[in-house]
Structure formats: C-alpha cells, structure tokens
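In the two complexes below, subunit A is the common chain; its partner is subunit B in one and subunit C in the other.
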Partner chain A sequence: MKPRIAIFSLTGCEGCSLAILELEDQLLDLLGAVDIVNFREGMTDRAWDIDIGFVDGAVSTPEDEKEVRHFREHCKVLVAIGSCACLGGINTLKHYQGATGPKGRGAIGENGSDAYRRYVYGDKAEWFPTTEARPISAVVKVDYELPGCPMVKEEFLAFVTSLLAGRTFKLPDFAVCVECKKRGTLCLYEKGILCLGPVTRAGCNAICPAFGSKCEGCRGIVSKEALVAAGINLREQYNVELQEVLDDLRLYGAYQEADLP
Partner chain B sequence: MLDRMLTHPELLELVNELALQRRIVGPVARDGRYFYEEVTRATDLDLTFNYCVYSPRGALFPPQETLFVFKRTNGTFTAEPVIDVRPTALVGVHPCDIHAIRLLDHVFEQDQRDEHYLSRRAHTMIVGIDCQRPCTEGVFCADMETNAADKGFDVMLYPLSDPGATEPLYGVVYGTSIGRDWVLYGRRGRIPTATDERTFEQYQRHKTDAFPRMLRMKADELPALLDRSYDSLLWEATARRCYSCGSCNLSCPTCYCFNILDETDLSGTTGRRERTWDGCHLREFAEVAGGHNFRPKAGSRLRHRIYRKAKWIRQRTGLPGCVGCARCDRACTAKINSVEIYNQLAEEV
Partner chain C sequence: MKNVSIDVKHVTRVEGHGNITIRVQDGAITRLELAIVESPRFFEAFLRGRKYDEAPHITCRICGICSVGHTTASVKAVEAACGIEPSEQTVLLRKLILYGEELQSHFLHLYFLAVPDYFGVGSVIPLAKTHPDVVRRALRMKKLANDICAVVGGRHIHPIALHVGGITHVPRDEELLDLKRRLEATRADLAETAALFATLKVPQLERPTEYVSLKTQNGEYAFYDGDIVSTLDPKPTKAADYRSRILETVVEHSAAKHCRSPNSPTYAVGALARFNNNHSQLHPTARQIARTLGLEPICNNPYHNNTAQLIESVHCVEAAIEILDTLLTHGMQVEPLRKPTRHGLGAGLAEVPRGLLVHEYGIDAKNRIESANLIIPTGQNLANIEEDMRALVPPLLESGLGKEQITLQLEMLVRAYDPCISCATHMLDIKWDET
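Moving on, here comes the complex of A and B:
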C-alpha cells in the first residue's frame, strides 16, 4: 500500500506547500509512489489517517498550537518544512518590534495587544490573538526538518525517496561555502559582502550567492562552533559590530540560539 | 631550449583549430576575476590572466559526477559505468596547477586505478603558460618549487614579450608528441633564433629574482618541522577562528578527497552512484559508523590538512602536496593563512 501523505500549513506564506506543486516534472512520479490525502494548498479532500505529515508555517497563534497538536496525533511521521516550521522563520521578527525585553525582544502576552499587532491590524488587533512565534518542534515532537525559505523542493523529493526506500535521511552538516566552491561562485567576501554562508547549513546549492545575493541563513545555523568563529572573525578580522550580525541572523533565525561570543 | 615561436594571433588560430576537435577550457574573465570555463572560441580566453580563483582540477575531477547508473528489472540488477571520453584541452594552465595535476595523476593511478579520472585525463591535453612573476600577493610557489614546470604538459608557452606589448610573443616548449603535432601540423609560428634563445635565458634569469621567498624554511624541511609541531598550541589557537566550512579544501588544486552517495528514483528501480568533493575540514569527514569522529575539533582538522599538504603527501609520493598557489589562504574568510602557520611553527621550535 502506498504511504498516505498530508501537507499542512500554519502561519506562513504556504510557499513550501507551493514548492511541492512546483515539482512539475516529478509530480506524476510522486503521485505514483504516495497517496496525498490532505493538502489545503492542492485539493479539497481531508482525510486524517496519515503516514507522513508535512507542515509549513510557524506556530504563532493559539489556533496554530491546537492544530499542530492535532497533526501530531494523526501523523505517524511528522516533518517540518521550510524556515518557519523548522526555525520559526521571519515570523519571529515580531519579537523584536515595539517593547524591549531581554536581548531586545518585545514581550508578547497571551492575548497582548502589542505594537506590531496594532501596526498590522489597527483597531482590530484584539480580534487576532497571537503568541510568541515558534518552530513546531517547540510544541510537538518533530521527526524530520527540511529547512529553507522556501524549502528546497529537490531535498523534499530526496527525503521522500529515502523514506520510501527505508534509508536514513540526513541534512547536510556543512556550510553553504561548500556549495559555492562546487559551483565555482566567487566568494562574496571578495566583494566585501559579509555573507552568512560560513555559518549556514548547505543543501540549497548556494543559490543566493550564485546570483550575487548574500546568504541570509534561511536554512539555519550549521553549528554552534561556526557561530562562535563568526563572532571572533567579524570582530577581529572585519571590525563589524556583533549587533549587525545578530540583526542579519535574526531574519530567519531569531528563535535559534544566536549567542555570539 | 625553445621548440617554436608563436605570436599571439597565431596561438589564437591554433586554439580555434583545436576547438574543432576538443572542448576548450581556459581562463575567462568574470566578476573582475578569472575562472576556468568552457569556451568555444579562442578570443573568449584571456591568457593575460593573473590567476584563476579556482584551479582547473574540476575539469578532470568534477565537483559532482555519476560513477555508474543501476537498474533493477524483474529481479535482475544491472549497472553501467559512466566514463567521460570527451576530448578536452586545458588551455592556459600555470605551473603550480600543472604540478597539482601531476599529483592527482599519481593518486588516481595508484593501487585501485580510478578509471573515471584516468579516462578524463587521457583525453585531456594541457597547454601550460608560464608565470614570469608572481600572479598575485601571498603566493609561495617559489618556496614550494612549483613556479616552473618541466613536465606534466603537452605544450608550455613562455610569454617572452614585455607585458602590454602590442603583439605578445610566446616561446613554445613541447612536452609530448600531441602538443608538438598540434603546433607543427597547424603550420603556425617559426623556428626560434639565437636571439630568441637569449631572450628566453634573460626571461629565466629575471624570473628567479621576481618571486619572493615567503617561507622561513625550504619545502623539504617542512616534514621535519611538522614532526616537531604535532603538540603545538598553534593548532587550537588558530582554529578558534575556523568555521570548518571547507573552503580551503574545496579551492585547493591538490585536494582529491571525495564522498560517495547512492541516489535512487522514487520507485527505487533505477539509480546512480554519485561522487562529490569532500574536505578534511568538514566536521563529518572523519566520522565513522557508530558516530565516532577521529577529528572532532577544528584544531585537529586544521593540523591534519597542513600535515597532508606539507608532510604526508610529500613523503608518500615525492611530489609537492601543496603547490603554493595560496588559494586556501584567499578562500578563508577567517583569514587563516598557511604561510603564517609554517613561519610561526618555525619560530616555536
């Protein structure tokens, strides 16, 4: 019997769900290998007997929290896809708006009417309860994570293939620099651009630097060790304020441990 | 002794003729730097390049390649090797990279012959171009005795005219009959005169003075220096800056380590075995089944690379494991510098 797959969305742009639909050349092969039984972005049917559930989006509202627990209950394997689900993603930027807290984080109450919420929803802010934005692993047990903004669709395919074949799946444990070197991309540091490649997990085929745009760390920090090195190098070799680096890392990684030395 | 003299236009004509028979890979200007890329016309090459950011090793040992494809049908398993036999010419290879290719040749010939590399190599012609002066700051090829090459090429070009001359003139030395046939059957150039030979002698004399010595020791003293430096505090102290990003490995012309991965399609009936570049600075490089890592710390990985480059490879093969191109030093965003490492170690002991 083919494994039954579901694709769910929490708070996010659903771009990762869309990335699955963008696997145009492989979509028929994929449907030959699995049954998709629940996919808001792609179909109307809703079934709840699920082998592998993929979730994009962050847990950012009380409703998200309820939903993700429900997903967990009905999925044998739960997979976080994309930066929001894996890292909290850009949703976590809201923690840094308005009020100041520890490390400049704005305090977010259960149903608090915070500055960012008033900015977005105006006088209707009270209608939209919100919590601290978190990766789904902060709420439920997650079996696998496929980070990236959006997730790398080729990696999604490789993941499904591995799981079907009964092989273990592992994210690359090396930095984006490896992929820049393999592609023959000129290092952005040579152009005086402080790229986050050296501290960011590879697997995206270094697509941003290949098109001249610095790595923004959407796949998460590759290792604590690299982050420590970044703190030392940027201060000692590049004369950069650590706050600047933290601001950069925060775009996707505000929820990650980002304690630079 | 020179074998032939070629003007720049004559060389371009020869390369254009070569392009009819071979895929041409040579220095191309991009992003204000030079890269080895495939070209279809000689005029796309810039043979006045200072250095290429990455070495030409990718043309012989690609960053990613399929070794074989496999198929399972009705319970039978078949595998088909993938061997690259495209005729190729690497045009514009500096002596350091020629030395590096000689090391790769040696490594992939040893013991288990690597037919994937060796086939590509056998179908590749190398047109070297000598360096009259260091290509950029920080290189230490003269220390490594790799700033000139007397073998490892099919043809070597010596740029004998002054830089900026309206018509560059190359002195040509043949390395193989393939190189000689290319120049001679092309019916280009002329026989060198006594004046050309004198110019060539002056060129060589000038070259000796043009390359600074960066190391405080000779290359053949490095193994002994490293022998004494295993427990140096330098490794950890330097590696605190190391990201373990592997940029040094991956831009090194002599790094030949690789990883092997099997990939299958969704149905699991067809697949391929892929080989991809690896590097000893990457955290998982020395991790084995069961999870033990022989070099879990960046300091031990840095020491390992330096030992490979300056001691072990030299001792095992008699060839330089490091050709002094300094690509590792330039690639390191943490600015870890191998010349500084050698010189600091020399001060310590």
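Moving on, here comes the complex of A and C:
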C-alpha cells in the first residue's frame, strides 16, 4: 500500500504547497511512490483517510483552529511546512500594530487588533474575525516541522524519502553561517549588513547571502544559546543595536518574545 | 429545473479558499455569490513602520504563485515614492524574471488547473498514466519558467535578489545561454500545446464587459511598464492616478474587496484583458497562434482567458529570448543599490499573470512606510465573475443540464479567471464606497 498523502493550507500564501509542484524533475517519481488523496489547490477529489498530512499556513482565524484540529484527527502523521505553519510566519507582524498591549504588542481582541483590522476594513472590521497568528503546534500536536519561507523543496524530498524508508528525520542543528562559509560567500557583516545567519537554523544552503541578500531568519532560531552568543558578539564586534536584531527576527516570527535572552 | 441549490465549498484547483453559493426559486436567481473565505492577512496594516526597502520582501509573501509580480509592483512603488531611477540592466533583469513568472503561472494554470476539466478528470495526476507525454511536456515547460526566475532572483517563490534600487546578483553568461537554448527548444512544446488547445471544446458565454489593463506607448506588450487603459476608455491614465480608474467596495461575503470602474459596475483584468487591449503589440508568432486558435479582439467569452494565456506564453518566450540576447551582447556587472533621493507617495503598477496589480506606499522622512494600499487582480475580477455566473445560470437551467454539469460549468468559469484568492484578501485602504 502506498502511503496516502494530503496537502492542506491555512492562512498563508500557499507557496509551500506550490513548491511541491515545483519539484518538476521528481514529481512523477513522487506520484509513483505515494497516493495524493487530498490537495485542494491541485485536485478535485478530497479523501479523509490520510497517512501523512502536510500543512502550510498559520493558525490565524477561529476557522483555522477548527480546520487544523480536523486535519490532526484524520492524519496519522502531521507535518508543518514553511515558516507560517512552523513559526506563525510573516502573519505575526500584525501583532506589533496598535502597540497597546504589553511591550508594544497589540493584544488581540482589544484595541491592538482593531488597529490593524480597521486599517484594512474600516468599520466593517467585525465581519472578518481574526486571532493571534500562531504556528500549528500551538493548537495541535505536530510530528515534524520543515521551516523556511518558502520551505526548502530539497529538504521536503529528503524528508519524504526518509519517511518512506522508515528512517528518522532531523533538521540541521547548526546555523546558516556554516553553510554560507562552505559556499564561500563573503560575510555580509564585512559589508556592514546585519544578517541573521549566526542565529538561524541551517538547511537552506545559505541561499539568500549567495544571492546578495541578508539572512532574514525564515527557518527560525537554531537555539536560544546561539541567540545569546550572537547577541553578545554582535554588540561587541559590530556595534549592532539589539533592538535591530529583535525587529529583524520578528519578520517570520523566528523569535516571538519581546526581549532577547 | 425551477428550484436549484448549488453549494461548492472550497472550489478546487484554484489558489486559495472560495465558495460558490447559488439559490434559484421558481426559475429566478435569489442568491448568487462567489464567497471569498480565505483568512484576511493585513499586509497594508503591518507594512506601516517597516523600512522602505523591506516592502518587496514582505509583500512577495502575499502569494506563492505571483511573488515575482508582487515584488515587481512593490519595488516600482517604493522607487516612485523615493525618487529612485533603476539602471537599464536592472530593468532588463526585472522584465526577464517577470516573463519567467508569467510563463510558470500560465503553464501551471493551463496544464495543472484548467486542462483536467477538458479531459474529464479531477486533477493532472491521472493524466500522468493516460497521457504521460502531455504531463512530461507540462513539467518541462514549467521547470524552464521556474529556472528563469531562479537564475535572476535565486528562486521563483519569494525571489531573493530583487531589491529597491537594483539587483544584488547578476547571472553568469553560461546560465543565460542555457536559458536561451531551452527557450528556443520550448517553441516546439508551445506548438504542441497550441495543437492540444485547438482540440478542446471551450464553453460558450458571450457577455460584454470592460477589459482593463496597462498599455505602453513604446509598442512593447505591457507587463512591466504602461499606463491604465480599457476597452471602453482607451485614453491612458498614469500610475499615480489609478484611483480615478479603480473604485473599491467592501462586501460582507468576501474578505476581498470588490472593484468597479467609472464606466462599468464590474470589469475584468488578466490575460484576456491584455489581449483585448494590446493584441497589436504581441510578437508576430503569438499573433499567428491567436489566428490559428481563432481568438480575435475584442473577445467577450471569459473561458477564453485560457486561450489568451497560451498566446501570451508564446509572446513571453520570444520577448525573453530578446532580453537574453541584449544581456549577452552588453555583458553585466554587479551595481550598487540606488538610494532614496526624496520621500512621499508612490504607486507601482505591473501586469502580473492574473492582471493589473497596484502597490502604493507613503514613505516618511525616516524612510519608513507610513501608508500602504494594494489592489489585487483577483479582487478586481470577483464582481465580474459573479456577473458572468448570473448570465450563465439561466441558459444552463433552460438547457436541461443536471446540477452536476451546471456546477462543473460554474467551477470551470471560476477557474478560467485563474483566481488567486490568497492575493485578493489583502485589501485596500480605509476609504471604501458606501453606495
């Protein structure tokens, strides 16, 4: 029996689902090895007897909460794909609007949430219920996480291959800097650019610095220890304001606490 | 049939979550809605306070399918607001990656989302067994389109190297030569695709509407540049005055705002709108394919948006080859990013796969974003799709077709517009129309 696969989307851009379709060279082999039984973006049939369910998008509405519980119930293995599902992602930026809550964070359902809802929908804001944007692990048990914005499709393939072969799968437990050095990319700190490579989990092959852009932390922090060490280094060596690091880490919800450890 | 209820929860093979609801009592439509139930995401709100140069990398996350399109409109809007003139090389590379995205999106839509209906299957997956050559061709074409984006921007979904003021990476000559060779080879695949589409029976629906798109004054078929024109009002309107052509309303059943124009209660954007306005600017090969497929401006059948996508794909391949030739002849170098020279309000417009996209930002003296307004192609099309459904349902009811067939025709109609619902739920500003 081939494993029965589903691909679901919550609040997000569906780019991680799309990334699966962008595995053009492997797609036919993949379709030979698994049965895709539920994928709204790509097919009409929708079955609910699922071995492995992949979810992109964050939990950001009351409806999302219901949906993700439903997915959990019907999937033997539940996998969060992409920054939104793993970290809350770019959706979490709305938390920092309104600035009425503790530490400048607008509390949902209070003035803070009205600030961002009203900016977009005016006095029709109440038509569009919303909650704090959360990773799906905040609502249900998640078996695996494949972070990134978008998720790294090669990592997705490696994950599926491991699972089909019955091997365990582990994310890299070192920082993006390691991969960046290996690629031989000039360190962006040498150009005076604040890059999140020192604190961000590797696995992306440091693609952003290779294309001339700073690491934006889309795969989440590698560990709190790395954050502490980097915080000290950046202050001493590059005179970087810690608030800047914090602002940048917020972009994909990589670190959601208001202060650095 | 006198009384019919149609409820399609989560229309499949479209990007994002949308529902169709139709109620017919005693032969009259009492309720008809294409409800957009995608979660709102509040990009306009949370852009405020971010640094000017973060806008493109934040807004490309609106949509995975058209992230290059959002990046394009975004960099243009910031540059308009901050008085930045991009270099010639930057504009050429931006046009090249935008052609890549038009191609990847059109190929994805034609082969993966639309074609299964015509083969009577629920997805492209069964076609891998019954028509492996078709699926292999589709994958080969889509991969080429993605590779164009990867060579210029690092990847297609959420491109990396595209920034306000320039591009932080230049492709190597051998990468460009490889793309050129493969684009030339894809002409044969496009001819096969055209032959396939010539055999498909496109549903009939003739409903005149207004078609809105950009149009350039220099003869180039508009994607990156242009002013707003329409089939009812061909006088060009500059980007900064877009509000005189696009009027928006909040409606309760849709997290995406509806749009109208000063001339029409609904209008259409997208490949068919561009074709209807700018047909004469297409590459001769694309015009030839249009003749073969029998598509002529002004076409009022929305199902032919698919045909227009195919014709545009032929154009984009030829236009991309021309850019590659220019880049290879002139050579490239890494240029520093150009910096703001002033601050204020700026609008950036682009023709993205699904139609006219507007980004507008206000940038303050500290180079922070203080206001944002985004108008999305699918948001502009929603009211027009509903009008099409209103026109389509009565004759379908009279024709005696079963509910299943009617539902399929309606879903095919929605899919023909290739709606991108994630995009459309990132509404506009606080001003809406109360009428």
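The definition used in the following text is that the second predicted complex is superposed on the first by the 249 of 261 C-alpha atoms of A that agree within 3 Å, B and C clash if a C-alpha of one lies under 4 Å from a C-alpha of the other, contacts with A are read in each partner's own complex, and residues count from 1 in each chain.
In this section, a contact is a pair of C-beta atoms (placed from the backbone, for glycine too) under 8 Å apart; a residue touches a chain by one contact, two chains touch by 3 or more.
Everything numeric in this text was worked out from a predicted model, so none of it was measured.
Overlaying the two complexes via subunit A leaves subunit B and subunit C side by side, clear of any clash. In the superposed model, A:A210 makes contact with subunit C only, not with subunit B. In the superposition on chain A, A:T44 makes contact with subunit C only, while subunit B stays out of contact range. Of the two partner chains placed by the overlay, only subunit C lies in contact with A:L21; subunit B stays clear of it.
Note on subunit A: of its two partners subunit C and subunit B, the one contacting more of its residues is C. Judged by the touch definition given at the top, the superposed model places A:E155 against neither subunit B nor subunit C. In the superposed pair of complexes, A:E65 makes contact with neither subunit B nor subunit C. Touch criterion met: A:V178 reaches subunit B, while subunit C stays clear of it.
Applying the stated contact rule after C-alpha superposition, one finds that A:L164 touches subunit B and leaves subunit C untouched. Nowhere in the superposition do the C-alpha atoms of subunit B and subunit C come closer than 9 Å. Listing the residues of subunit A that touch subunit C in their complex gives 9-19, 21-22, 24-25, 27-28, 31, 36, 39-46, 57, 60-61, 63-64, 89-91, 93-94, 96-97, 115-122, 124, 127-128, 130, 149-150, 207-208, 210-213, 216, 251. Residues of subunit B touching subunit A in their complex: 30-31, 33, 35, 53-54, 58, 63-64, 240-247, 250-251, 263-268, 276-277, 279, 282-284, 298, 330-331, 333-335.
Against subunit A, in their complex, subunit C makes its touches with residues 10, 12-17, 37-42, 44-46, 48-50, 54, 57-58, 61-65, 67, 108, 112-113, 116, 122-125, 128, 135-136, 139-140, 142-143, 146, 153-158, 160-161, 163, 167-169, 250, 252, 255, 334, 422, 426-432. Of all the residues in subunit A, the ones that touch subunit B in their complex are 26, 29-30, 32-33, 157-158, 160-161, 164-165, 173-175, 177-178, 181-184, 186-187, 189-191, 197-199, 223, 225-226, 228-230, 232-233, 236-237.
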